[in-house]
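Think of it as A, B, C, D, E and F in the order they're written, each chain with its own count starting at 1.
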Amino acid sequence: MNKQAPADRLAAFEAYRDRLNHRILEEKSHLGIKRFFNLDAAAYRDGALDRRTKELLGLVASMVLRCNDCIDYHLIQCVDLGFTDDELDEAMNVALVVGGSIVIPHLRHAVDTLDLLRARTAERENTKEGEALH
Amino acid sequence: MNKQAPADRLAAFEAYRDRLNHRILEEKSHLGIKRFFNLDAAAYRDGALDRRTKELLGLVASMVLRCNDCIDYHLIQCVDLGFTDDELDEAMNVALVVGGSIVIPHLRHAVDTLDLLRARTAERENTKEGEALH
Amino acid sequence: MNKQAPADRLAAFEAYRDRLNHRILEEKSHLGIKRFFNLDAAAYRDGALDRRTKELLGLVASMVLRCNDCIDYHLIQCVDLGFTDDELDEAMNVALVVGGSIVIPHLRHAVDTLDLLRARTAERENTKEGEALH
Amino acid sequence: MNKQAPADRLAAFEAYRDRLNHRILEEKSHLGIKRFFNLDAAAYRDGALDRRTKELLGLVASMVLRCNDCIDYHLIQCVDLGFTDDELDEAMNVALVVGGSIVIPHLRHAVDTLDLLRARTAERENTKEGEALH
Amino acid sequence: MNKQAPADRLAAFEAYRDRLNHRILEEKSHLGIKRFFNLDAAAYRDGALDRRTKELLGLVASMVLRCNDCIDYHLIQCVDLGFTDDELDEAMNVALVVGGSIVIPHLRHAVDTLDLLRARTAERENTKEGEALH
Amino acid sequence: MNKQAPADRLAAFEAYRDRLNHRILEEKSHLGIKRFFNLDAAAYRDGALDRRTKELLGLVASMVLRCNDCIDYHLIQCVDLGFTDDELDEAMNVALVVGGSIVIPHLRHAVDTLDLLRARTAERENTKEGEALH
């Protein structure tokens, strides 16, 4: 459940995530942890399966394991990679059926995040268009 | 852990839940997801077991799976159905023993929610009594 | 999934469980572990909620947490306490909806166990009747 | 971990699964449970995402939730739908990274199942070829 | 994810935890629940293993089960018991490898908590030094 | 629950594990999966924490996540590293309290495995002594 001002939620998540990832990877710099983060990044790169499919796998895995931050991260990637709402609804439906009603609060969170992401994209495009007019 | 002003927590949860459920069921309206929500609602209706027993099953399942939003939802139903604090304490004790100390933060959350629900009921009854005096 | 000869499965589970519980409680006898087992037993005794309701809570908690041995244990108690198949089906339906399709293999296991328990009860009653005829 | 004679494992799983599904859906026939099974089947049909992608989502969800029977079920579908070993290895790698080393025993199980499925397919094709020669 | 003002997070957690523990143990006072809390406290006392080792076990168990409040509680104890950052990084690396990338948001939370704890300790020592100068 | 002839269980687990690990690492050889296995092995090596402490962390993490194969693996290491039964009982007690009664079937499994490991060690020492007499 997220009751924060919607406009700021995505930005707050991204800033928090960046700050702590920097703290972990650049400052603490534990070799095992850094290698784990590298393996994690590599798992989603194009290979025998393309990156699009793998990000969708990451999204569904995050939903059935019920981790809102992981859901947000993979939704950001999925929107970036051009998935439509209909496609994402289908993936979230698989997660709901596999994981059961205990997933519902995370489905609500995911739908809220997806709406924020679409709004942000629209705003950015408006800004670009506005700039292009000058 | 909830550190929000207690007076607003239940109302914020219910408003958030209503807004997103409306978004999911009325606007997005994915057939599989809608059917899942219907199945979920149907599972708690009177049948070979009565609704009271089933809501208690839902509460304990939510606690051992450690989902605060699900706990809040089932506690609202359980209070509505007239369960006493002693009965709910016993159910929460079963959840604690089955799920272990990792459930304790959710037990704290549940007790906090239950207190807010009792306070809200008392306030509503005071209002009714006040109105009845006029 | 259980692919063992059905006739022996319940007996094998009970013998294994008894042997290891004896090993843990009587021989090893770690104070904390013994106390935990006592707390666990006490959680299902009659109190503000009756034992019947609590065993049903234990069954549903075991199903959503997906533990076959725990499911078997609580089903043995539930059959002993006189629950009908219709009542147990309703409880298992709650577990299925809360926990999702990942619970299905455990639902199959539970139905298999319940059938074995009904067959064993029938057999025992036949034996008693046979003895009563003499 | 599976220590059964490899030749029989897949057949035993399929026979057990069919027997209990028949018992649940045809004989017990609880309306809620039947509808859940229908929803589950529907979730993997072609839609905004194709069936292939959805079966892969089901496989990865089953691996991170660590359910061997669910893994076997989805692997059977994935092999049927023509996924190569390289593609499945990539999906299993995502599951391993998301779910951690606790997934490794299920990765071993999945690789064993996949090998059995490839062997069964090869055997069936040999039989067909043999028959075609007559 | 915690986006609250860093200075207040630890204090808010401790106050909330104390208030609800008091409500549960002193006011509600369910016998089974009280005994569970006693068993929980006893599990970390010096015995065949020392308290230091057990708190580290509690920290790693909390991380793989992904409970931020439990992580915070055990980190407070671990810092109190003199663990260095290098030692705690190694324990968190074990949790990350066992539990997978789904643990990463909890690793970020843990690192943030650890930084707050170190800052609080430094502040308290400065205050003591300042007082000692008078 | 393990109902196999006790004498063979450890050997069967080790042979199965070796066969599939060889299949995964030497034959399939997916780069990401191999690197994950390397990271996993590295996480338990001596460092700021010694290997003994880390294997105990691995054991408790495996118990609260309820994975029998992982429990067996870490128990083999723990016995090798000289942990006494009293020390292991204490670690298992922490796992039981954190994870709850749902851990009990895995506690029984762990105690059974530990007994088999002690018997195997005794047998090997007898053989050595017998050989030394010649």
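Methods note: a residue touches a chain if its C-beta (ideal position, glycine included) is under 8 Å from a C-beta of that chain, and two chains touch if they have at least 3 such contacts.
The structure presented is a predicted model; accordingly, all values stated were derived computationally and were not measured.
Chains that touch both chain C and chain F: A, B, D, E. For the two copies, chain B and chain E, the CA superposition rotation is 120 degrees, given to the nearest 5. Here the spacing of chain B and chain F, counted between their Cα centres, is 41 Å.
Mean C-alpha position of chain A lies 36 Å from that of chain F. For this pair, chain A with chain D, the centres built from the Cα atoms lie 28 Å apart. The set of chain D residues touching two or more other chains comprises 32, 36, 39-40, 43, 61-62, 64-65, 89-90, 93, 96-99, 101-102. Taken together, the touching pairs cover every possible pairing of the chains. Of all residues in chain D, those touching chain E in their complex are 64, 96-103. The part of chain E that touches chain A in the complex is made up of residues 1-3, 66, 85, 89-90, 92-93, 96-97, 101-102, 104-105, 107-108, 111-112, 115. Put simply, chain B touches chain C in their complex at residues 39-40, 43-44, 47-49, 53-54, 56-58, 60-62, 64-65, 70, 84, 86-87, 89-91, 93-95, 97-99. Those residues of chain D that touch chain B in the complex are listed here as 32, 35-36, 39, 42-43. In the complex of the two chains, the chain D residues touching chain C come out as 4, 12-13, 16-17, 20-21, 23-24, 28, 30, 32-33, 36-37, 40, 61-62, 65, 67-70.
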